[in-house]
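Next, two complexes with chain A in common: one pairs it with chain B, the other with chain C.
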Partner chain A sequence: MTMVATPPPPPLPTRQRTQIPSGGLSPMLSRLAAERATGVLMREGGLLHLADGQVVYAESPATPGLDALLIARGALDEDGWREAVAEAGTRHRVGRFLVDSGLISEGALELCHLGALYDAAYFVLGPSSAPARFRYGEAHWLGPVRPVPVAGVERETVRRRELLHRIWPDPATDEAPLLRTGHPVVTSVTPRQGEVLDRIDGVRTAADISRALGRPAFHTLVDVRRLAAAGAVTARPVPVPGPAPSPFPALGAAPGVGPGPVPQAPSPPHEAPRAAPTDLSSPFADPHITLLKRLRDALEAL
Partner chain B sequence: MPGIDECLLEAMRLPGARGAAVVDWTSGLALGTVGDAPGGDHETTAAEAAELARLAAEHRAFAPEDDADWSDDACPVEDLIIANRDSYHLLRFVPTTFDSSVFLHLWLARAEGNLALARIRLGEMAGRLVLG
Partner chain C sequence: MANTETALKEALASIEGATGAALVDYTTGMALGTMGGSKSFDLTVAAAGNTDVVRAKLRTMEHLGLKGQIEDILITLSDQYHLIRLLTGRGGNGLFLYLVLDAKRANLAMARHQLRKIEEDLEV
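Right after this comes the complex of A and B.
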């Protein structure tokens, strides 16, 4: 996916058709599903465990795991979980053991497991620059609880991206430490949003807050974007220069401004950065492209 | 001890049941579905029902009077009923002992369905789904 031209000075990354393929997020994953592979897919964002080509478990550092979710609010105690892993881990039957020994009901386990699976998969299948790897091997120790087809997980991941984008198109709050703006919030803050808001301290990220609450991280992203849309929360500015002050006006200004293809390179600190968005708006209104463009600008500014 | 599928199949045994689903109202994801969906599309139905469920669950106006600080972990709303010319939709929030935002969605044919009975049964199913 990364097509960064390295040596020559100004050639821009090509980006004629930058869009999420509707078929699948990862060709490798589709292939593994087709060959009914068992093992673990390792991507930058975390791990996706497959059994017979279906997703049986997902884990990501960005979000609490099944154990954390169950233990956080007392659905299960830590000893119970440890016992189950010790007793049934090697047989890959931890889920079954939890239900059979009466520690948790089947319905509760399925609900929590599915929630955690789609949640972690969202982060595992997030944009990544590193290549994915797959290790064939044993199924996950949890054992089959409710396997999900790969295509379903991918479709849901794309849908979730669109959902977040619809709520508030700026993804800055997804990963950065969060700040309360202190602006009076016009819309009412819901109880779940209130729990998130209470934990925003300029240091914690959405992932930290999810862990503190024992809540799937995507749920926190949704609430944080809603709060951002309401003006209550913002991403703490990080040392990386933002997208606006692009030091290379040629990038933004080139296509629209001058019809003459003359190398009018040393365009002075004009209003180039301001002009860029409007000039480019029509062909590049696609959110993925704007995001990629901002990423590119930030990288080039380094 | 029923899982999601057993719970949905039980819901389908109610008179007039056309379809049922377990849905997460934060993301709009259908965690399980059975039978038909309006328009034949369970995923779209789940996303749309989730929007409605979220509004009901998150607005103070629909919480009980005595839940003054609104801090109860459980959803303040028990269920939602929607009636149209030919069917009912019943959305029942599922209380869980872990952090979640899940509801049961039952689609009932109006001619054969018994709303009062369905409401009682769905409440029982929601309880059993989580507590076993």
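Right after this comes the complex of A and C.
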């Protein structure tokens, strides 16, 4: 008699597999490499600095820069870095200055530089719907350290996408605030992963944790996906209302930066998203659904 | 004060029987530099694959509660030696040197000793 109006259950989120384009990641970048351009390529995810068609530096708000990495590793202190930029920044010779003044060895600078370059390039070359722009003629202040061919950077970026996909095919944890599931972890957690795990508080994203630890952000994505595969970590299902407390609002405004659309279901309208801080209010809190999702993901990953 | 390229070159030149060398980041599996190798032996593929070896060993040590650090890992094939040396310097966190040796020509003890010296030269 009485019709019980039960709202249909929200559909389970569907995922899109990582898509690797057959050609280059950015046709514009390939063209710039072919014409041996010098300048800076501006994409949604950050900047790629070119000199003679080769990549000399990359920066992205998603990951700590070379200075932050050097300082975090104890290879350099902040004063040393500031002095080098003040002394040699206008001459575009900061890298040379650091080595010549004995603050860092050439090998250490090269390795940190390459690590930072490929790391930032991964985010700069992430899928993006916004048009890219290129400004000719701007040499980067770091100066030449170890230029890398565009093809090499693209190849490595694709390899990294595949690596993440192989570890755990769900990209949800790449950008969302992270939650600890509290499930007992069967596989052991390495000390490096432990440090990541310790900083997961339901608010921080992988990028925030990278900055806190002074690590390349891609390394944190790898650790987080491994932890997600082990069932220890999950993306916080309900988006944080209001602006995220990110020091980089530009990135926060660009939800399409990651390796695929974030497969978060929109929060169902009949639920108050902030009703409880735990994930019990979300449709994915049901352990059975979570288990089924993980099972499906694992089967798909085979 | 070597840069990565000279360090790898030196590894090939000074270590008897060395046919390839790579410097690898074992979180991402990326080779930050390679030297030598051949068409039939792709060092970047070897680099990526051997990160799993390093990670597996680190995990096992974690399971066993061993506190020591891995200095090097030796893999002996019938005709090759593969030597992995983890870098410990201040910038070298998470990197390893990977060396391929011809088993007929190589002197393992010397190779280990030279590799240690090259690591010090690299000063990372």
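Quick note on the criterion: the second predicted complex is superposed on the first by the 219 of 302 C-alpha atoms of A that agree within 3 Å, B and C clash if a C-alpha of one lies under 4 Å from a C-alpha of the other, contacts with A are read in each partner's own complex, and residues count from 1 in each chain.
The working rule: contacts are C-beta pairs under 8 Å (C-beta built on N, C-alpha and C of every residue); 3 or more make two chains touch, one makes a residue touch a chain.
None of these values were measured; they are calculated from a predicted model.
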Put chain B and chain C onto chain A via the superposition and say whether they clash or fit.
clash
Output check: A:25 vs chain B and chain C. Expected answer is one of first, second, both, neither. What do you get?
neither
Answer with first, second, both or neither: which of chain B and chain C does A:84 touch in the superposed model?
neither
Considering only the touch criterion stated at the top, classify A:214 as touching first (chain B), second (chain C), both, or neither.
first
A:108 in the overlay: touching chain B, chain C, both, or neither? Say first, second, both or neither.
both
Touching partner for A:118 - first (chain B), second (chain C), both, neither:
both
Which partner does A:51 reach: the first (chain B), the second (chain C), both, or neither?
neither
Based on the superposed arrangement, let me know which partner A:41 touches: chain B (first), chain C (second), both, or neither?
neither
Which chain A residues contact chain B in one complex and chain C in the other?
70, 73-75, 104-108, 110-112, 114-115, 118, 146, 156, 159-160, 163, 188, 190-192, 218-219, 222
Report the residues of chain C in contact with chain A in the complex, numbered from low to high.
1-4, 7, 23, 25, 27-30, 32-33, 48, 55, 58-59, 62-63, 89-95, 121-124
Can you list the residues on chain B that touch chain A in the complex?
1-4, 7, 22, 24, 26-29, 31-32, 43, 47, 58-60, 70-71, 73, 94, 96-102, 128-132
How about chain A: which of its residues touch chain B in the complex?
69-70, 72-75, 99, 102, 104-108, 110-112, 114-115, 118, 146, 155-156, 159-160, 163, 188, 190-192, 213-216, 218-219, 222
Which part of chain A faces chain C closely enough to touch in the complex?
70, 73-75, 104-108, 110-112, 114-115, 118, 146, 156, 159-160, 163, 187-188, 190-192, 218-219, 222-223
